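Look at the two complexes coming up: subunit A is in both, with subunit B in one and subunit C in the other.
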Partner chain A sequence: MKLKKITACVLAATMTASLFAGMGVQAESADPEPFTIGFPWDTANTDPTWISIYNNVKAAVEAAGGELVNVETDNSADGLIDNVSELISRDVDGILFMPASDSMLPTVDAMCADAGVYWGTIFRTISDEDIQEAMYSSDWFAGGCHEDDEACAADIVKSMSEMGVTDLGVINIAKGDTSSDLRDKGAAEGAEEAGVNILNTTYDISVTTDMTKTIESYIAAYPEMNGILVLGTYCEAAIPTIEKALADHNKAGEIKVGRIDFESSLGDYLHEGTFHVSYGGQQQIDPLMSAVILVNKVIGTPIVEEGPTNIITPYLELTSAEEAADFNDYFLGDEAVYTADEIKDSMIKYYNADIDMDYMDKLIATFSIADVVSRHSK
Partner chain B sequence: MENSKSFTAAKGGLTKEKFLNNFAFFGLLLVLVLFEILTRGKLLGQRNLMNIFNNFFSIALCAMMYSFVMALGELDLSVGAIVGFSAAMAAFASEISIYLILPVALITGLLIGLINGFATAYLRVESFIGTLAVSFVFRGLTTYFLNGSVGIPIAMRAFDKDWVKIIALLLVLTISYLLYERCAFGKHCRAVGASHEAARQSGVNVQKTRMAAFALVGLVCGLVGFFTLVRACTASSKTGNSFEFDVLLAVLFGGMPLSGGWPVKFRAAVIGSIAMAALKSGMSLIGIDGLTQQVVEGVILIAVVVLSFDRRNAGVIK
Partner chain C sequence: MKKFLINTLKTLSLPVIVYLVFLVICFERFSNWNCVYTIFLQSIIPTITAYSVAYGNICGVFDFTIGSRLIISGVIGGLLASKYGMAGMILGALVSAVAVSAVTGILNWYLRIPSLVLTMGLTMIFEIAGTRLAGHYGFVQIDTKYAIFGSSPNIVIIFLLAAALFYFIFNHTVFSFHMRAVGSNENVAKNSGIKTDLVKLKSFVYGGIFLGTAAILTLSQSGSVGAQTNLGSVTIVFKPLISILLALVLQRICDLTVGIFIAQFSLNIIFIGLIAAGLPDTFQNVVLGFFLLIVMILFQNSDRIEALREKSKAHHRAAEE
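Then we have the complex of A and B:
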């Protein structure tokens, strides 16, 4: 009887222990440890594209059970350094940001290395070879996404040339910005190849009044101008502002307009025939993938074991009002371009051990407006 | 009669005048208590205090010297551009020798300050317009010369240490306090701000006083440019962007009246800078989005300008 009791107690204890042990294993394998990702972003900007960038980063972080910590930024180098310092003081596990220049990166890396925090970038590559070499050998740089800005700018100039553009007025982001410089370079190459004359380039327009003045100055100074190309801008409602200025001078439709980076108003102007071509769509996939790269690194399952993970995201071309409408519905809404389940199953290595660079490259290759529509309209 | 105007909290206690003279203290206290509660003690936590200090540092450096310009009843809207241009020139100087970074930043700032002072004092350009014009000129030159951004050796981050900043802050605090409260220069600035004609007839050299006040702001902006440069190790066309508004907001938040003159208190620069840094950090910690932050700052600005406006002297022709 006593033996039975002892045996029963031992069995009960064993079962209880195994139950807890099983639960332990279950808990460990179910989800990664909670983590936080810091993201300096200008949430005061109400442009739908800027909002969608934030939403896509948030979706990627939350899909893996993380929390996104936002701090306001002006996206300048010194502002971002302050942001990184603030996020480190708030004990985040990783920091994702859009670098203002290559030269600020060693400082960020040194700060993150001191604090033991991983960091990653969105939208920007590292052009300076010395800085690139130093960052790629850092243990704390997770990597990031960028686009082939140079090729894209060259292609859009050639595309506008095929539409009959010979004399082009250009708008771009501030000089020194990596994307701005690469797009300038690409536009110059495309112009030379296609025989297009670049009349002038204006940089760093951030408000609509300056955009209007610039376009009006172009119209007054260059009567031969038959194309306007926005290589990049942080000005909200850039295309409606340009279209209004052109319409006020009876030039709408006569001067061909193109831009890199989609915005929500393009469909209306494509429909009216006063806007002609845009390359973009990367503004949603790039931040999402960049966040995925960082999240994988932070939770201990990096996509690439050695060194940073770098993914080049493709530019999509927008030439019809229908595509623009789909873009507005499926890229600029509250939802990210991949759902939480899609991100979890196909981008977080913790849940899917098959993920590696080849896997990610194949996934990126299938990304298009039609792809997002087909997945999300179900 | 006087008693009837008071908000007496207790007998012989808080009068309206006392409240108005010290509302910046109350504002700072309110910000600290409110956000300490809302952030559940994170605001004044050790790590965040250093963060607040970093935000406070540049603004306070400039705000302290800005007191002289405010006392004159003038504004300097070029401080951001001076910081940016000084940082750019210092970054170029680093290509020759890293020992040139600090002197070049200081000299550049001082020279631009002298230009501001000359335009305001001798050419009689309204400081609001003159410094705005100077701001455009030097922003343009910064973009032109930099043609992007210029980095400096990462080793220069050694100067981005807290102890270096604390020494610099104490140095500027001591010099500016002594100049403002203990030297004739501070009194001359306030006298000119109260009535430049009366000051002139009392023997104050109005033009030199104005020139010196703007030069001091320029000099300290050069110092801010240096610290901004060694912090980011890069100078770009955006360096110092909106800094003029941060400084202006801080001094106004501290209770400095735009009307200038004797009501301009030196302590307002320090209190306002701390309050601004704490407010921004607190709002960020509780996750207030950028739009709401702008609204909150705007409402506070209107409130403090109304409270600090010196109505008694508003009608005096300067």
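Then we have the complex of A and C:
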């Protein structure tokens, strides 16, 4: 009888232990339900920055076992609303996009709420307070990343001022774009603080011929100009074109050149001493983190329990040819700035219960060109 | 001779008046030779691009592909420059421009769909071809030693040669008469025995020569050519097109060859003038639009204005008597 009791206790203990053990195994090995994330993006564009944005979003989605569904877009407000409609009809679970304006967001939110689809944004903040309040109270807005465009623009103007720039010709992306407006505002603040005179701003240059024309016009109209700042542009080969125009007028090196958003050719000109400062690097980490925010929400483990998750990603400063070479190799290559395994381990809450806003902020704080090189160098 | 001199003065008065307006607005920035010379140099590439558009435009063909064809030939010229040097760049740009233009012309001939629709579709295809050719970084850059055509005096010499060729084709060939006939009334031209489709094809091919030249100059001046997608290349055609519209109005007092340049030069004076005046570039488009409208209204209604003036004189005379 005693033996029976002992045996029963041992068996009961074994069964109980195996039950917990089984649960442990299940929690470690199970993956979230399969899901799809829609991403309107211009994948026909061969600009390495644009390709890297897509690669980073893809890595984040696939890290949690999801599938990325792409539709071609022109990134205009009307075009994006059509894209969202198309993606909803393709039954995606979440949609990530780069808003063209604040005013398009209520429409997107209404469409997503009707369809029961989460949505998130990349690169853009919501400036309009009424729209921001409405979106932040939406159950379907997962959040997103943005940069402090205003502070960045102010900083780069002050940085150029320290290099001796007093009269600045500026180039920016189209007016009305949230980032463009904030960078304009920041540049004006930085210029006022540093005593720099902004001579003129030209917007929405998309082809090299117009870029050349603008720079030559600045040189002709403003003999006192000693700095050119590209606050933003979608023109391919912007810096090589500017440098060529300056060289043709014997102004290369004499006129200081700065740019927000890195591009692949900066290293050569930094090496030559004809290009001087750039703030960027956010073009890879922002979409990756934004995708991580949306993915966590879609799979039911949001980083923040109440309301949207908003992360401010930092601008990195590029001032040497070596950094520029590393940037080209490790940010514009085929690999994302965090691999799928790194994302799974350190950014997907389903696999790592420690993740919260503090955790993410600390992770972002460690992000730099050197950090990516150290993690990915072979 | 007297009429020629009067017409020349009338033609030159357009840029002179525009220049004087900006001289009054911002004398310090505008009253230097460098400014005028920059305006002159900046007018060259759009003028040659406009030459490539003009033949088709006169034939009644609306062509969106100009920008994408310019980019393709620039990219091919740039790629061949790295392999075969200067000869590769020149031949690559010229041959590819003529070839792509011929393809566009042949499709326009055989597909028989409106040129607006066809060229819109082809623009998208050419843009994708351009981005694929441009490779990983989306643009092609040339060595500075090959970029000798983008600066003075070479660019001026090439411009004069291109203008002479355009003038010759436009005024002294059978094609030029056929082109005008097709543009005036295609059905009548066809009934007269003119092969209208062949004329249109020729307008693309001849235009391709100027387009190739513009591509070489663009490549030389900017040092690079970037690919475009999402119809981004279409913007390249707008300013040359405005200059053609103005030149067609000016045609009654000067040859189209000169008219296109004068119109482009005047537009560039406005462009730099507004920058010098510190006005935002959004305002430039408004002024350019107004400028186009005012010039066209004045020239298109010159007969009516003259008639009104005569009527007013007659009225005064009658009152005096």
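Everything below uses one rule, namely that the second predicted complex is superposed on the first by the 348 of 378 C-alpha atoms of A that agree within 3 Å, B and C clash if a C-alpha of one lies under 4 Å from a C-alpha of the other, contacts with A are read in each partner's own complex, and residues count from 1 in each chain.
Just so we're on the same page, contacts are C-beta pairs under 8 Å (C-beta built on N, C-alpha and C of every residue); 3 or more make two chains touch, one makes a residue touch a chain.
What you see is a predicted model; the values in this text were computed from it and never measured.
Peer 1: Will subunit C clash with subunit B on subunit A after the two structures are superposed, or do they fit?
Peer 2: Pair status: clash.
Peer 1: Using the touch definition from the top, say if A:Val71 reaches subunit B (first), subunit C (second), both or neither.
Peer 2: After superposing on A, A:Val71 lies in contact with subunit B but is clear of subunit C.
Peer 1: Regarding the shared-chain residue A:Glu86, is it in contact with subunit B (first), subunit C (second), both, or neither?
Peer 2: first
Peer 1: Can A:Asp248 be said to touch subunit B (first), subunit C (second), both, or neither?
Peer 2: second
Peer 1: Please indicate which partner A:Asn200 is in contact with in the superposed arrangement: first for subunit B, second for subunit C, both, or neither.
Peer 2: In the superposition, A:Asn200 touches subunit C alone.
Peer 1: A:Lys175 in the overlay: touching subunit B, subunit C, both, or neither? Say first, second, both or neither.
Peer 2: both
Peer 1: Contact-wise, after the overlay, does A:Ala44 reach subunit B, subunit C, both or neither (first, second, both, neither)?
Peer 2: In the superposition, A:Ala44 touches subunit B and subunit C alike.
Peer 1: Just subunit B (first), just subunit C (second), both, or neither: which does A:Ser103 touch?
Peer 2: After superposing on A, A:Ser103 lies in contact with subunit B but is clear of subunit C.
Peer 1: By the touch definition above, which subunit A residues appear in both interfaces, subunit B in one complex and subunit C in the other?
Peer 2: 42, 44-46, 74, 175, 203
Peer 1: Spell out the residues on subunit B that touch subunit A in their complex, using ranges where they run on.
Peer 2: Touching subunit A: residues 47-48, 50-51, 54-55, 143, 146-151, 154, 157, 228, 231-234, 236-242, 281, 284-285, 287, 289-291, 293-294 of subunit B.
Peer 1: Which residues of subunit A touch subunit C in the complex?
Peer 2: By the definition above, subunit A touches subunit C via 42, 44-48, 74, 175, 199-203, 206-214, 216-223, 234-237, 240-241, 243-245, 247-248, 264-265.
Peer 1: Show me the residue ranges of subunit A that touch subunit B in the complex, using the header's touch definition.
Peer 2: Going by the criterion above, the answer is residues 42-46, 70-72, 74-82, 85-86, 89-91, 100-104, 106-107, 110, 174-177, 181, 203-204.
Peer 1: Once bound in the complex, which stretches of subunit C touch subunit A?
Peer 2: Listed in rising order, the residues are 29-30, 32, 34-35, 38-39, 41-42, 45-46, 67, 127-128, 131-132, 134-139, 141, 144, 147, 150-151, 218, 221-230, 232-233, 235-236, 271-272, 275-276, 278-282.
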